[in-house]
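Okay, so chain A shows up in both of these, paired with chain B first and chain C after.
Now for the complex of A and B:
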């Protein structure tokens, strides 16, 4: 298993203790395309932060590719994030004063890859995502779909073990949302990228092969969805 | 820390993104360093100018002059005038063995020196050969008076710079020529170009210096002496000899040794100590103001970096999420701070060097002094090192704050 969570608990203590994750057991295998679905406040973002080593947990175990992710130093955590995890965010989180290609290069910069090589790689990835002509544009000159594709290129460039997408379609219209989800599906099928999508939209979840429902901090139903017919709102579109 | 061309791009980018802010912040550093260096340079220059005034003057000497008594003593009324005598010098030498040179000076004012058709006002001063211990001459031509001149009462003289210029407008070595002062002809044996402006009884440049024995006879002084100059042996402070000098002279001339006004005792050691203290005070003040201004500039940088970090929370969070270590963030902020400080400071150094060299030119053009306002190379290097340290200190607090930004915090900021 690529990802193994065993009895993970997380409590936020902001004045009043808030038990967010109440014993999460979860395994995700290499090459899976999974969505984590839940209402807001269900703990799905917290779970994503823990999976992405952005946050730590109180008790339990989190194994990522055979490594126990627990009590890491900041440096180690940064290193794992850099090499093993790619992030796609709802609001794209591109750096505004850098061009598309510079944004894509950034993870490689922190890996210490030489300037020339990372520029070449970044251009290659932009080309694959159909953004070659936009390489020297700044994020505010691009549409939402283009920005998200730049963000996907940035997530892919380090060949991470998993890609975590936090509401990847949250800031996009329905047509672009479909395009982005199709793109993610294609990456999963053709390149075997492990994808975990966190969403509260059933239409988005329907695009994935496995839907993990989370409710009040515990894993509920795990729906196998190979046929992509789980959506209550039809199978051909993402409802907005 | 990854230092490649992109690191510099990053720094340049973030400094240039807020041009006016960087400029204003940098100006604080620029001005601080300019103030510090310009004042240090100017301070040294002025010090040099002042010091040149004391050039050649003995720093552990005293000049004594007789005056009216101010208290009754041994049956004599107050307000009595007494006069220094030749034999007082022998007495002082014998009774106060710590004295080095004790030498007389006799002055006659309002004389006219004539050479051929040239004439000029002058004062005539009679001294002994050992007067050079008090005020070292800078002989342009010839020699100073020697012991034989004094002993034999030769009619020879050493003339000051201005007299030389007036009487010998064509220049050249005047030694051997005879000039007429009053009714007597003196043979010129030397020209003294000393430029120091400490003068005893008249400006050195406008003096005709003759042997004291000649002056004594010529001006009917008997065994009266106008001024006695004395030095202390090395290691002995002149101020410690003052009470003993008063004691010796008071006993001889019947005035109270504690009667200060009866004997003018001008102590160059005290003057020099005073000047030294003054210079130290000025130095301290310069450092205080300069470093204070510089520090204020550095605090400005620190403040702006703090604001920048706050503004860039999301950006820093993104960097952290995609793999920047806390150290990457720390070094980035520190480098920004150091770069801003160094660049602004270098301009400060350059500007102060420019201003000081202009000042040097102006002063040199206006007078006979060659001032040394310019700061030294190593001072500039030290200033640059100081800047780097200041930049790091200024960047420290903002960098630590930036380092503590958690990626999750940044994402929450949406």
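Now for the complex of A and C:
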């Protein structure tokens, strides 16, 4: 198993303790295309942060590619994030004063890759995502879909073990949303990228092969969705 | 390295005005520091050039009045140095430290005659070292030398004021060399013409010490005894030596051995030492003023960096999420702070050096009239390469310090919260 969570608990303590994750057990295999679905407040964002090593958990174990992710120093956590995890965010989170290609290069910069080499790689990824002509444009000159594709290129460039997408279509219209989800599906099928999408939209979840429902901090039903027929609104649209 | 500078440039480019205003404070601080130190150096250079020629360690010894009664004498008795003091000075007791001994003796009441022209003059018997000590400027011929002293030659050095008179207003001083003048009943050969300061009524005539003392002086007295010395490297050593020396001379003159005032010693080495101390104090003082001026600039940079960090919180969140370690974020902010400080600091430094040149051109070269006397306030006000290097190090340290707090704030950004903030 690529990801193995055993009895993960997380409590926030802002004035009064808030038990967000109440013993999460979860395994995700290499090459899976999974969505984690839940209402707001269900703990899905916290789970994503823990999976992305952005946050710590209190008790339990999180194994990622055979490594126990627990009590890491900031430096180690940054290193693991850099090498093993790619992030795709709802609001893209591109750096505004950097061009598309510079944004894509950035994870490689933190790996110490030479300027020339990382530029070549970044151009290669932009080309694969059909953004070659936009390489020297700044994020504010691009459409939402283009920005998200730049973000996907940035997530892919380090060949991470997993890609975590947090509401990747949240800021996109339905047509672009379909395109982005198709792109993610294609990356999963053709390149074997392990993808975990966190969403509250059933249409988005329907695009994935496995839907993990989370509710009140515990894993509920795990729906196998190889046929992509889980959505009540049809298979090929994302309801906005 | 280049990547960091690209990042810094991108950040500064977005806040040009803000950065320039902050940088101005830093530039001003360094400008003040360099200008102050330059002006301080200019003032100290004046003292240095006034005490030129005293670079060799010399003690000048004068007779003075006793400060306590001793051996049947009351206090306040005047001590007059004489030739036996010269012998005492040359004795083996002091041979470890004393190198060359010289003395002066002046006697007035002579008539110097050349042809039909004459002057009432006083004669100064001196040793050759006087030329260096008094910075005598020879216009023709030579000054008194060792042979003159040893052979008690009857030779004199005149000022050009005398010479001009003898020549009837002409200035071909060379023609006087080898000529003879009459002093009293004796004939003296002119061996040199020196420059005499006209406005200071400088009409001293020099003759070998030995000549004057053997021919004219009845009491063997001397006015001043001086000697060069070595091997006294601290103030304490000098003090101890002076004490010993005074004890020996006091004993000869019948003054109390511990009488500090019977013999008066002017020591160029300790004087220089004190001047260096004074220079050091001045330097420290100017550095402190400059540093405090710079401090406000540094606080400004720190402040601006804090604002920058706050503005860039979201960006740092992104960077951290995709793998930036705390140190790489910290490095970014410190490098930016050092760059701003160093860049504007260097502008300030260059302007400060320009200001020193301006000072040199205005105050440095021309003497100023103050109460009828012409005074040069400063000479060559400038800072050396050493100060420029010190200032460079200072700027880097200051920039690092200014960036430290903002940088640690930036490195502690929590990526989850930073990503949420927009």
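Note that the second predicted complex is superposed on the first by the 240 of 240 C-alpha atoms of A that agree within 3 Å, B and C clash if a C-alpha of one lies under 4 Å from a C-alpha of the other, contacts with A are read in each partner's own complex, and residues count from 1 in each chain.
Note that in this section a residue touches a chain if its C-beta (ideal position, glycine included) is under 8 Å from a C-beta of that chain, and two chains touch if they have at least 3 such contacts.
Computed from a prediction, not measured in an experiment: that's the story for all the values here.
Once both complexes are superposed on chain A, the partners chain B and chain C clash. Contacts of A:107 after superposition: both chain B and chain C are touched.
Of the two partner chains placed by superposition, A:186 touches none, neither chain B nor chain C.
Once the two complexes are laid over each other on the shared chain, residue contacts for A:136 go to neither chain B nor chain C. By the touch criterion defined above, A:78 reaches both chain B and chain C.
Once chain A of one complex is fitted onto chain A of the other, the partner contacts of A:174 are absent, as it touches neither chain B nor chain C. Contact with neither chain B nor chain C is seen for A:27 once the two complexes are overlaid on the shared chain.
Once the two complexes are laid over each other on the shared chain, residue contacts for A:89 go to chain B and to chain C alike.
Among the options 37-45, 73-81 or 217-225, the segment of chain B that ends up inside chain C in the superposed model is 37-45. When the two complexes are superposed on chain A, the residues of chain A that touch both chain B and chain C are 49, 52, 54-55, 74-75, 78-79, 81-83, 87, 89, 91, 93-98, 106-107, 109-111, 115, 154, 158. Within the complex formed with chain B, the chain A residues making contact are 49, 52, 54-55, 74-75, 78-79, 81-83, 87, 89-91, 93-98, 106-107, 109-112, 114-115, 154, 158, 166.
Note for the complex: chain A touches chain C at residues 49, 52, 54-55, 74-75, 78-79, 81-83, 87, 89, 91, 93-98, 106-107, 109-111, 115, 154, 158.
Within the complex formed with chain A, the residues of chain B that make contact are 2, 4-6, 13-14, 17, 314-315, 318-328, 406-408, 411, 414.
Here chain C touches chain A in the complex through residues 2-3, 10-11, 14, 314-315, 317-328, 415-416, 419, 422, going by the rule given at the top.
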